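Down below is the structure, laid out as structure tokens.
Chain nomenclature is as follows: A, B, C and D, assigned in order of appearance, with residue numbering initiated at 1 for each chain independently.
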Amino acid sequence: MFLEQLINGVTLGSIYAIVALGYTLVFGVLDIINMAHGEIFMFGAFVGMLLVSKAGVPLPVAFLGAIAVTGAMGFLLERAALRPLRSRPGASNLASLISTIGVSILLENAAHRIFGAGNHPFETPFAEIRFPVGPVNVYLVQVLILLISLLLMAGLALWLSRTRGGKALRATAEDLTTAGLLGVDTDRMITVTVVIASAMGGVAGVLIGMAFNYINNQIGLSMGLKGLAIIIFGGMGSVYGAMAGGLILGLSETFVVAYGSSGYRDAIAFVIIIGVLLVRPQGLFGQAAPGTGH
Amino acid sequence: MKVRLQALAVLSSALFALVFLGAEKPRPRVEPIKARIGVISIITGQGAGYGEAITNGIRLARDEVNARGEVYIDLKIEDSSGKQEQALSAAQKLIHSEQVVAIIGPTLSNEMKVVGPEANASGVPIMGTSTTAKGITQIGKYVFRNALPESQAIPASIGMAVKKYNLRQVALLYGNDDVFTKSGFDTMKEVSENRKLRILTVQEFQKGQADYKAQLTKIASLRPDAVFCSALYEEGAVILSQARKMGIKVPFVGGNGFNSPKVIEIARDAADGLIVATPWFVDRNDPKVKAFVAKYEKAYGKKPDQFAAQAYDAFHIVANALKAAGAADRDRLRDALAATKDFDGVLGKFSFDAERDVVMEPNVLIVQGGKFRVFQ
Amino acid sequence: MSALLALERIGKSFGGLTALSDISFSVNPGEIVGVIGPNGAGKTTLFNVITALFPPTEGSVVFDGEAIAGLPPHAVARRGIGRTFQNVRLFADMTVEENVMVGRHCRTRAGALRGVLRTRGEREEERGIRQRSRELLDLVGLPGACSGQAAGSLPYGHQRRLEIARALAADPRLLLLDEPAAGMNEAETKEVSGLIRKVRDLGMTILLIEHDMSLVMKACDRVVVFNFGRKIAEGPPSAIREDPGVIEAYLGSAEGAADA
Amino acid sequence: MEWINPYHLQVASFVLINVILGTSIYVTLSTGQLSLGNAGFMSIGAYAAALLATKYALPIPVGVAAGALLAGAAGALVGIPSLRLSGVYLAIATLGFGEVIRAVAINWESLTGGAVGIAAIPQMGRVVLAGARDLGFSPASLGLKPNQFISLTVFLILLVAAVLTVAFFLRLGRSRVGRAYAAIRLDERAAEASGIPVTYYKVLAFSQGAMVSGLAGALYAHATSFISPADFTYHRAVEILVFAVFGGSGHILGPAFGAAFLTVVPEALRAISHYRYILYGVLVVLVVIYRPQGVIDPPLLRRMRGDRAAEAA
């Protein structure tokens, strides 16, 4: 049973990690928690589902479709709910937090009107492919999820540290005004960030659908809450923190059920956060942020 | 002689029919009893899937009743968003602003626990169509329900399953943060203990959880003869599909919340082996049921689930009681409702007991080959 | 005469970076002592150590015969050390008067309940706070008309004075002023210089960081010179002016030459 | 007396409870701490009051006071370790605290009844009516039907509670402690150097915020007569935050306005039930964009006061 639970935990953890990467990227650059991220990847999941189950397109095309839609949504989110706040004096981070909450309420209810309430099956023949590893069956989807999450993490880390765009992004994250003075088009960088993060949400959405066989307009909320928990204890803005945090949470939830009480499964994320934050207020991988403890 | 007699018989029956019809025609058209009935349902937010089925069923019944002309019902549907405060505000609006004669709903037992006392205190009959938790009708004499409580459904399904499969050891799985699934679980546990079944493990899950693999892996490792699962169909379908995928082939026994075409739609083959006890059987060989299913499918593009069927029957029960009461009066309607006996609806024969709770024989159904069938 | 403030072998490092090492000197009651040195010499760090915003890595701070290291900053303020900041830190959204009233906090007592119930004692205390605040605003030369204005909207020079008034509201015995004349023109600097002496004449002891040499030379009884986190000289202004080490380290720098 | 509609009073009652909740988040925010634990503290107050009333048959005011105090004590306990945290870290950690409390409420069945919750909590309006009848009073003497009387009583009790709460913090804001809170919010360093014990006041504000949440929870329990863990989810915490930021967190009237407005809007939009939360979302975004500091802020209040003064002159 241990091996199976380990696989369950890693799969769940990888999904959490992908969700958390989206949050952490936006936070790293903008210092904003994008509360609409969960709803954006929920839309990604629906687009993927419609393309696969209703239109019958091959899976990679479904991924691309989800990425296109969520990327576009990220663009609109940035234009409609974030950018107008950047230029306004007196707009605290709280204001953008609330405007993204507004967007998330809007999207959740819009999804209900557009896609209908309740669960929708997410079926692809691909999701049925499995192979035995020792005594247990491993589904290809589980491997794929782990691989994609690792790839996204490595890709992001590389992009941030090696490429021009990535460096400009980091400069933007470091100090918005200075980066602007140095000739970085910060508005564009921010748009790019939000679009990339949202597109990653699209990927996450399709993977979640495949992993759990169903989707509904509430998955953004429950997954989003976990994603938030992860970036906090992984360390805000840290790519590795999101990955490590995701895996830790996935494994702890699974093992709490396996060896403890399943009644506390959903609460374990927050028990961990509180524990970690009390020891390391900046999170596992976070740099001591200004204002945290003195 | 014989021929004459026959002719006479034909003639006289024709005459009789003529007289009868003639008498029917000139009967003065009675003004229908006009009444306003309120509905509280989940239209937005989590659980809107149930609310949608319920309001669909009610609308269909309303159209039928109004077309018949004996009573004319003006429906006021209010959203509760699945929240108690919203349900209470909606109830107050219906009771005091809309002056409804009765309320159907709300959807969740939680909501009923807040709304019920208020309706009862205001003397407005209220009827739950999906509130299956314990202690609902005990709120007061104006509170009714036609939803078969899990305390009646589950013993029937477990009883049949134990007999058929000779179950000895079982695993229990339930949602611990919801009144409905928690009550169902309490009954399952009680019934299992009474039947001296060995409970290998009790696993919990929480609303909105996407992944049940950890719990299911644990259950699988203990090799139960069956899994008793107290879940609503939204979660239940996902649990089934994930369970089968990881190799749990044993029967699943659920309560009546598990009974929905949605289960099959979402879980597909994985739904095979699900046993539920429920008054609602979509493929029952009964003209009433067939007509209802056909109409519902035509109107909403899908088959009715038990939430729709219970709401549909509930509306007819209220309409009948209204006819019996003879006027849109809350107290007379309450008394007429309480007197409902052997109402013949799509769920079968229905009566209220002394505590305004359900008297009904549940069917035990099993999913086989992607269809609900009677379990024998 | 025993010293009001005695610093004994103070050292402070951040991570691997040494900001202060082996600093010892003392300030006597009624003195005005200047602290000078090039940017980054550790002057402000010293103020932060004295006011307990940072604990020293080594050494001890003795105020009025008592070691105060380890006390929280507000307790140090309560003992009688007030300060201003290098880049004015006023409560920008509060009114001018409220800023000074905040400064009076540690000399007053009314808790939440009394504040809400407005007991007689509390009302009297508030009246006292208000009156003292007006006096202090007068003292630092802020016109009464601006007392209702948001502190952040004051002209820069007025903000500096307001910060001094806020510090004085806590009845400090030792006042630490961090570049009170920074960014001011000659006339304003002269006024500040006058204000500093006025404050001293009220019985306060002053430790002053300042880049404006004319102000330091005129106002201070004694000067301590820092460079690279160390004390390189100490003495009366006239002696410091001639100290070759100081001239090389500090006055020799471009900035020092411009100031001098 | 026909115009006294229990429905309107019901909505008004929830508005008032939300005003108290809005105040609770404002109090902690006024020292610059963003706490999202208010749903958790609310549940502590609600459960304490409900249990004292149902299990020990204590009078409602005793239970309400105990609930508020218990929540305040819990606030102090949570507030102390939370001092190390700030900004979003504090927000999410306190949100987590709320979720943990909810998990405990779900799992500690012997005390809380688990998901089934606690039913038949004495409803304050009905208790007052019963008491009044014992004294020989009949609502008919005021021309009221019993349920009008009940709703009106609940409304009036909540009105008094909300007005007292808001007045308390309005006055506190203008006192020595209020100045200390504001100083800490505006510049913690400078506040410390001015002799303000920052730790003490942060914990005090945290605890006061928790106490106010607990009060709201206790009143809620006695207004709806049923509570369950589903009442105190993450949604509630976020909703309270939206009240504060939407209405404006710079002045106590901001959260109060936000709570009132955002409680009434979904109610007013009942006619378009399917779309009302879509509109709610759009409204929140628009208002935040056009008034990022919230609808009500001190300059606006000054202008309004100034206008009034000008009119009076």
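Basically, contacts are C-beta pairs under 8 Å (C-beta built on N, C-alpha and C of every residue); 3 or more make two chains touch, one makes a residue touch a chain.
Everything numeric here is computed off the predicted structure, so don't read it as measured data.
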Of all other chains, the one whose Cα centre sits farthest from chain D: C
Of C-D and A-D, pair with higher C-beta contact tally: A-D
Per-chain Cα centre nearest the global Cα centre, belonging to chain: D
Chain B and chain C, separation of their C-alpha mean positions in angstrom: 77
Between chain A and chain C, centroid-to-centroid distance (C-alpha), Å: 49
Cα-centroid distance, chain A relative to chain D, in whole angstrom: 32
Approximate Å spacing (C-alpha centroids) for the pair chain C, chain D: 43
Multi-partner residues of chain A (at least 2 other chains): 109, 261, 263, 266
Multi-partner residues of chain D (each touching 2 or more other chains): 106-107, 274, 277
Where chain C touches two or more other chains, by residue: 53
Chains grouped in pairs wherever the two touch, ordered by label: A-B, A-D, B-D, C-D
Footprint of chain D on chain C - complex, ascending: 51, 53, 72-75, 77-78, 82-83, 85, 89-94, 98, 101-103, 105-108, 110-112, 114-116, 118, 122, 125-126, 129, 166-167, 169-170
Touching residues on chain B, where the partner in the complex is chain A: 44-46, 48-49, 51-52, 176, 203-206, 208-211, 213-215, 217-218, 220-221, 234, 237-238, 241-242, 245-247, 262, 265-268
Residue numbers on chain B that touch chain D, as the complex places them: 43-45, 77-79, 81, 84-86, 88-90, 92-93, 95-97, 110, 113-114, 117, 121-122, 133-135, 175-179, 181-183
Complex contacts: residues of chain D adjacent to chain C: 168, 171-172, 175-180, 182-183, 186-187, 189-199, 204, 208, 250, 298
Chain D-facing residues of chain A, complex: 27, 33, 80-81, 84-85, 88, 90-99, 101-110, 113, 225, 228-229, 232, 236, 261, 263-264, 266-267, 269-271, 273-274, 277-278, 281-283, 289, 291-293
